[in-house]
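Heads up, the next two complexes both have chain A, just with different partners, chain B and then chain C.
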Partner chain A sequence: METTDSNLLSLASGELLKKFDPQKYFDQFLSEGVYPDGRPVSQFRESNVKTSVDRESDGSSYVQQGGACVSCTVNLSVAISSSEPGVLFTIESLGSVSEDLITDAQNFLDRLLSKNVFFDISQLDAGHNLRWTLHLKIMVLSSDGFIMDALLTAVNAAFMDTKFPSVFYPEITEEDATIDLSKVKINREKISRLTLKDTPVYSVYVLYNSWNAADVDECIVLCDPNKEICELTQNRCEIIIGKNDLIYEMSYAGKSALTETILSEIMICAKRRYGKISEGLNKIRAR
Partner chain B sequence: MINEEQCVVNCQYSMATFSVPDRRNKPRGDRRGNEFTRLLERAFESAILVKNYPRSQIDIFCEVLEADGGNLAACVNAASLALADAGIPMRGLVTAVECGSVTGEACADLSSREHSDIVSRLTVATVGGKDEICMLDLKNIIHKDHVPQLIKMAMDANAQIHSCLESAVLIHMKKCYALSKRC
Partner chain C sequence: MSNSRIKGKLRTLRCDLGFLKRADASASYEQGKAIVWCSINGPGDVMASKRLTMKMLVEISNRHVNDQDTKKLVDTLVNPIVEHAIERTKNPRTTLVITLQEMNRDGEYAPVAINSACLALLDAGIEMRYIFCAVCISYGNGVFTVDPDSVALSEAEARFIFIFKPSITDLGGKVIGCDASGVYTMEIYKEALNYARHSALKIFDFYRVKIQEKLAASLRIAG
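And now, the complex of A and B:
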């Protein structure tokens, strides 16, 4: 009975410390190189990826990565070839997700799609002067820190899952002839899939200065921090990395100085993360 | 939103409609502008001694009158001088520069004609002219082995810009001191 009481007491005091002095509470764990849940600071949270979750769409995925849950559905439409973007997307969220996160995600995805990072845009050519347009509907169901990592994985998985039916136009067309879209026939029995050029992976790192550190300027690199850690410190580095060590985007802002050592540590972690995620996505595709 | 312990830094980045050769429709509110706004906020939150002004807000409005590449870097430099002029204490003058990597070769301070979708651009802001990066923004694809060279070039350029800004602040301070002495 005494042991149970003392356990309850220590639990209660831990929760109280977390509430009234979160800095001190987290510092006692982070200075030892672990998060309060026992996860090492250099380790990412588990990811869970499922594809073909929505039978009515042409491609879909559901990703649970860390505390974020994102679903992505792809619907295809065929139209006359034009210079309009081949991929259109909308990002929606439930009320608990911050607007800033959604805006950042929109900016990142917009830039990646405009550079045709995922696949060659010529794959959208359906023949007969027709072209496919992909309509992505991304729904952020929950977040715990950042959403872009789960979002990008969901988009990659949805693209892998997308099934393109074959298109048939009954009349022979001249190059400048008018195409009547009502005569276009879709054959869903003959399908093809996208060949992805790359599956870019987003990862975020927070630089934390421990109170117990001998050197005031010494930083600990925290991988995949949760929401509570992000509120403690604003020093955040975001990186989108692709295959062959290509960096698509990187940004950092914060009080702690970003040194060359920290930057190379971050890039090594990001490369390792890319390898793990793309290996997982390739296994799903192979099934 | 009031913060009991420190001041809130609010930035706004906008470009005048006449600042670019192809007249802009909207001066602000576009995605890139919003992104620059957030980067500016986070950079200056780290440089300003925010704990000196609890329950307060510092607004920094940057308007680009003539754009020729390196807009974010120019805004950082201008905002830094404006904060010094306002007498707001900072850890040091924040200076920024935009560098580009062209076929693996690092180039400092690209103009708008030198911008393209295939040239990777890195904007680096440092505090006090030292190697203390408080903001970094990399756009367009680059191999990770080219990043250290680009950062080194940015640091060297920042040191030069810092000395320019510092001398401008000192000259201004001397003028003000001479004026106040006469009074």
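And now, the complex of A and C:
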């Protein structure tokens, strides 16, 4: 009985310290190189990726990464070739997810799609002067400070899962002849998939200043921090990295300086993360 | 990257401090054709509901920023950089209102706004942890352009914005903020950073000259 009481007391005092002095509580762990749950600061949380979760759509995925859960469905439509964007997306969320996170995610995804980072847009050509349009519906189910990592993995997995049926137009057309979309025939037995150029991976890092640090620029790099830790410090670095060490987006703002040493450490973690996510996605595709 | 060339240089910098008579401090900052006005009011009274017991409340508003990309830069770069630089514990239970107004756009808004804010804060005499400056570099077709205007920016493959605070050891200063967008490698990033450092030195020199002019004028009046 006494042992149980003392365990409860120590638990309570830990929770009390976390509530009243979160800086001191987290400092005990982070200065030793671990998070309170025992995860090393250089390690990312586990990811869980499933594809073909929605049989009604042409491609779908569900990703659980850290504290974020995101689902992505792809629906195809065929139309006459034009200069309109080949990929249209909407991001929705449940009430608990902040609007700022959704707006940021929209901006990131917009920029990546405008750079044609994922695949060559010519793959959407369906022949007979017709073109596929991908309609992405992204649903953010939960978040833990960041959603972009899970969202980008979900988009990559959904693109990999997308099945393109073959398109047949019965009449021979000249280049400038009018196409009657009602005569277009879709054959779902003969399918093809997208060949992805790259699977960009987003990762976020926080530069943490210990209480005991002599210099404000003396920082510990925290990989994949949760929401509570992000509230302690504003030194945040976000990076989207692709294959062959290409960087698509990088941003940092904070009180501490982003030195070359810290940047090198971040790049090593980001490349390692990219390798793991890409390998996982390729394994799913190979199944 | 040994064949990369650099073109362009920092555009002409101009600044008028204290030009708004009704504000506690102000700066009209021009970088080439880009113009941003910054006005500062405070430290002053704050409503009880917004009052922070241990530090000063800093409210930053960026007027007429309509496009999504610039709004994102304002939220992730401009506002945090300005806020972090101010020593907020010196004036607790007060508020500092900073208003940035874009008068003319020619290139990126964020670096011009950041430099304007720093000059206005110096004009106000607000205690800061460090002064700061921002530089924009663009990269395209193997060529770096320092402080690109709108035309150069539209042709760029990648765009880098670096924010520096002064340092004795690092040329140009230490990087306290960056936003890099486009398709590039780490080598391109490092080369852009190197060019930005040289421009940062010139901007810090410009701050020194402007404040010396202002203080010299004040001493003449006093004398």
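Here is the rule we use: the second predicted complex is superposed on the first by the 283 of 287 C-alpha atoms of A that agree within 3 Å, B and C clash if a C-alpha of one lies under 4 Å from a C-alpha of the other, contacts with A are read in each partner's own complex, and residues count from 1 in each chain.
Everything below uses one rule, namely that contacts are C-beta pairs under 8 Å (C-beta built on N, C-alpha and C of every residue); 3 or more make two chains touch, one makes a residue touch a chain.
Please read all numbers here as calculations on a predicted model, not as lab measurements.
Chemist: Evaluate whether chain B and chain C can sit on chain A together after superposition, giving fit or clash.
Modeler: clash
Chemist: Taking the superposition as given, does A:N107 touch the first partner, chain B, the second, chain C, both, or neither?
Modeler: Touch partners of A:N107: chain B and chain C.
Chemist: A:L246 contacts which: chain B (first), chain C (second), both, neither?
Modeler: A:L246 contacts both chain B and chain C.
Chemist: What is the contact status of A:K255 with respect to chain B (first) and chain C (second): first, second, both, or neither?
Modeler: The answer is both, since A:K255 touches chain B and chain C.
Chemist: Which partner chains sit in contact with A:I186 here, chain B, chain C, both or neither? Use first/second/both/neither.
Modeler: Neither partner.
Chemist: Kindly list the residues of chain A that each of chain B and chain C touches, one partner per complex.
Modeler: 100, 103-104, 106-107, 110-111, 115, 234, 244-255, 257-259, 267
Chemist: So in the complex, the part of chain A that touches chain C is made up of which residues?
Modeler: Residues of chain A touching chain C: 100, 103-104, 106-107, 110-111, 115, 117, 217, 234, 244-259, 267.
Chemist: Could you please specify the touching residues of chain B with respect to chain A in the complex?
Modeler: Contact set of chain B toward chain A: 31-32, 34-35, 38-39, 42-43, 45-46, 117, 127, 131-145, 147-148, 151.
Chemist: List the residues on chain C that touch chain A in their complex, please.
Modeler: The contact residues of chain C facing chain A are 68-69, 72, 75-77, 80-81, 84, 129, 163, 165, 167, 170, 174-186, 189.
Chemist: Which of the residues in chain A end up touching chain B in this complex?
Modeler: The touching residues are 100, 103-104, 106-107, 110-111, 115, 234-237, 241-242, 244-255, 257-260, 263-264, 267, 271.
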